[in-house]
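Chain nomenclature is as follows: A, B and C, assigned in order of appearance, with residue numbering initiated at 1 for each chain independently.
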Amino acid sequence: MTQDSPTLTLAEIAAHLGAGLQGDGNRRVRGLATLRDAGPEQVSFLANRAYLKDLPGTRAAAVLLHPDHAGECPTACLTLGNPYLGYAELSRLFDPLAGRETAGVHPSAVVGEGVSLGEGVAIGPQAVVEAGVVLGGDVVIGPGCVVGADTRIGAGSRLHANVTVYHGVVIGERGILHSGCVIGADGFGFAHDGGGWHKIAQLGGVILGDDVEVGSCSSIDRGALGDTVIGNDVKIDSQVQIAHNVQIGDHCALAGCVGIAGSTRVGRHCMLGGGVGLSGHLTICDGVQVTGMSLVTNSIHEPGVYSSGTGAMDNAQWRRNAVRFKQLDEIARRLSRLEKAGRGG
Amino acid sequence: MTQDSPTLTLAEIAAHLGAGLQGDGNRRVRGLATLRDAGPEQVSFLANRAYLKDLPGTRAAAVLLHPDHAGECPTACLTLGNPYLGYAELSRLFDPLAGRETAGVHPSAVVGEGVSLGEGVAIGPQAVVEAGVVLGGDVVIGPGCVVGADTRIGAGSRLHANVTVYHGVVIGERGILHSGCVIGADGFGFAHDGGGWHKIAQLGGVILGDDVEVGSCSSIDRGALGDTVIGNDVKIDSQVQIAHNVQIGDHCALAGCVGIAGSTRVGRHCMLGGGVGLSGHLTICDGVQVTGMSLVTNSIHEPGVYSSGTGAMDNAQWRRNAVRFKQLDEIARRLSRLEKAGRGG
Amino acid sequence: MTQDSPTLTLAEIAAHLGAGLQGDGNRRVRGLATLRDAGPEQVSFLANRAYLKDLPGTRAAAVLLHPDHAGECPTACLTLGNPYLGYAELSRLFDPLAGRETAGVHPSAVVGEGVSLGEGVAIGPQAVVEAGVVLGGDVVIGPGCVVGADTRIGAGSRLHANVTVYHGVVIGERGILHSGCVIGADGFGFAHDGGGWHKIAQLGGVILGDDVEVGSCSSIDRGALGDTVIGNDVKIDSQVQIAHNVQIGDHCALAGCVGIAGSTRVGRHCMLGGGVGLSGHLTICDGVQVTGMSLVTNSIHEPGVYSSGTGAMDNAQWRRNAVRFKQLDEIARRLSRLEKAGRGG
């Protein structure tokens, strides 16, 4: 269900995006939709050639696209060199939630002693902000959130409902934390005495840089001694697990269900596909991409794309091949013997 | 720990299930247990031949089973063509929680303006129901839940404690949402400007059909423009991630830890095993089963069972074979050369 | 961010650990850090030869280490046969949170009828404790937690913020439950009538032994009829899914993102690496280790280390090999034919 959006003229949009405009600048639009779904009060965009086929038939009031495609556009157009980036700008322009929050502390919220609230801070119903917390300007703490003692959250950050942040965590500016995520729970550290486990208190913290987004139900654990550190502009999807003392460089993107074991360092500009696992104590250099559900057990020192696993196939075929996988070393040895026999013969 | 259950006579049970009865219809039972664990005040069932061995020794007051096995039953029996389905009915009959909720809004709950409450709605302690929400009859909102503005929840649905539903979500009738699940958080959408990421506001919503169940700590993200759509009678286990604009057809079942990337469409009557991953933008036809922890990176157009990966083996054996997997293309080429040499010789 | 820690003399620490001391017992330290990071007011430790290189340059006030390395230590030393275990003790000694909680029920908490509170119990703001719950001495219920009716929690256990425990769960002593985890949600049980799904009410419970730790956002489902049972001293990381009627033996450790399907029994002293999946209805004997992201589909009857999958490699290389995996059975057959031809020739 698309929410109510503000209305804007095409000229206002062009000015906001720094886009060229062909068509009636006074025309008013009040939403954003795909080329196929857009109605005459909506603006659309073309950012991927796969959707070029939908351009001629669109009913949109205007289409944001690359200048090269302006000639094929049946309606007004907004032209930009990077239309996908323009779409991102547009989407935020039409976001019905932007600035909806009203500042103030809801009477049902519980705010501890010595909490510092920046200007414009909004704390929602049933939230708990423990003693010594510092919230920068315009921070939004959603309903049901718990922010632990002495945690600091930078200006413009938003915690959606039911987020949990433990004590002593540092979150940068403009962060977005989605519901159910947990920042700063204990890392998984135990010493074994030969019979059972002894807990290692997790004395470090978590530092999130600026512009970090964390998806729903994701976990970022606090460090054992030093901190777990997430760089600036790191985007983390839902259901992700980041263990203690992991370091993630700036501008990385981690898709859903990724798991990173303790003390691994990921460089800048890395992209991890859904369900990827990184073992502990690895170093992954800048510019590495790992495809979905791959397991990385060794450090990576060259930028590039990495993968593991096998593709899906019909189960009967898979069973035959999976049995052979268990014989693979033996198969290779038999092949070598044959090759030697051939050469000898 | 089994909870206290209501007591019923065998005749009442037979009538409720539409089952045949052999034995004393006035006998009273007050619970349900396995053939091995059942005591003389409990009823049991046989739905799987693997447990036929437990039938002769059961102490149960009565056993629900297929008529073919009635002769082997040492006690009263309730006969049905599909005893597993009968077990499902029985389990609900003995559910001590059914109907336990008392209607009304707990004084500690926070209910926004313009909220519409159907008859019999129960809103638990510390819950937050934001402005404009519409709750159908007998909806239960558990303790600590947050329901975002303008969300609609159909009659008879139940949110267990600490569920989060964002704004503008639509949930059908008789839904069950387990604790910690999050419906309607932002999808994972960003545009790259060559240096870093720009957020794409997620303007779509989430629509859950009727009779949908969502397990604990699962995430269903809202659409980027259109909606994420979950069909009727879809059952979703715990720790599942469903990305933006995914569509799931009616009657699907998704086991724990499944992850589905953006815009993938899953047909009706599909079953995804635990930990299965589906890449984005795929089309999976009706009637597909994918076995546990398989990764699907291409669309599937034929019903059937699909798999990827390799089976577990002793680590030393696995190491040898996994090394060979990295040589597999070379092994295949060497084999081809040998074959050619053989033919040539 | 490391929190403020108490100060202690080296003699006090040596006495607490039962360690030998070389150096000034009156020297005061007020924290714990790695050999590289420690300052002159901190104590450090050497528990892994990989860090021996950091010993000569450490600025720590004292180092906890094996007596064999005392000669190489440039500062005071605390000597112990198992220094890693000593580190665990030390970490707890310097934990600034230990004993920080003050007993009592926060005025915003909602406590139901007939709840039994042991001495020293602390119930945080916005928490909900339903009717009939029994909390042992010194139990801490964090902010925003919900504890369902008739649940029992043993002495010294701590629920961090926003934990959800359903009705009728039993938790042992000294347990630690991290934020966002959910204990006792319904297992995933449905009967199919040929067209759709019928819910099987989950009438069993969950029993956690003593000294169990459960990580953030993990799920342990209640049993269908009998209970889901987690043994004593079982350590469970974040994002783990444990399905209904699973049994885990004492002293097991489950790393992040593990998933265990219904009714599987895991023996004592097992270790499951991150992302491991166990199919349902398996028996895993004592002393089994499974490496990260392996899938186990058959019971394991011998202790040892088990693995599945393939290691990550360059994507171009991987594509060539993954294609060959689909031909693997055929490759093996071709090899056999060649071998026969060779013998026949």
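Basically, a residue touches a chain if its C-beta (ideal position, glycine included) is under 8 Å from a C-beta of that chain, and two chains touch if they have at least 3 such contacts.
Everything numeric in this text was worked out from a predicted model, so none of it was measured.
In this structure subunit B contacts its sequence twin subunit C using mostly different residue numbers, the overlap staying below half.
Seen as a C-alpha superposition, subunit A sits on subunit C after a turn of 120°, to the nearest 5. Centroid to centroid, with C-alpha atoms defining each point, subunit B and subunit C lie 25 Å apart.
Subunit B has residues 108, 126, 144, 162, 180, 217, 239, 257, 275, 309-311, 313, 325, 327-328, 331, 335, 338, 342 in contact with two or more other chains. Listing the residues of subunit B that touch subunit A in their complex gives 108, 110, 126-128, 130, 144, 146, 148, 150, 162, 164, 166-170, 180-182, 185-186, 188-193, 195-205, 207, 217-219, 221, 224-227, 239, 241, 243, 257, 259, 261, 275, 277, 279, 290-291, 294-298, 300, 304-311, 313, 317, 320-321, 323-325, 327-328, 331, 334-335, 338, 341-342. Of all residues in subunit A, those touching subunit B in their complex are 1-3, 5, 31-34, 37, 82, 84-85, 87-89, 91-92, 94-98, 106, 108, 124-126, 142-144, 160-162, 176, 178-180, 211, 213, 215-217, 233, 235, 237-239, 250-251, 253, 255-257, 274-275, 292-293, 309-316, 318-319, 322, 325-329, 331-332, 335, 338-339, 342.
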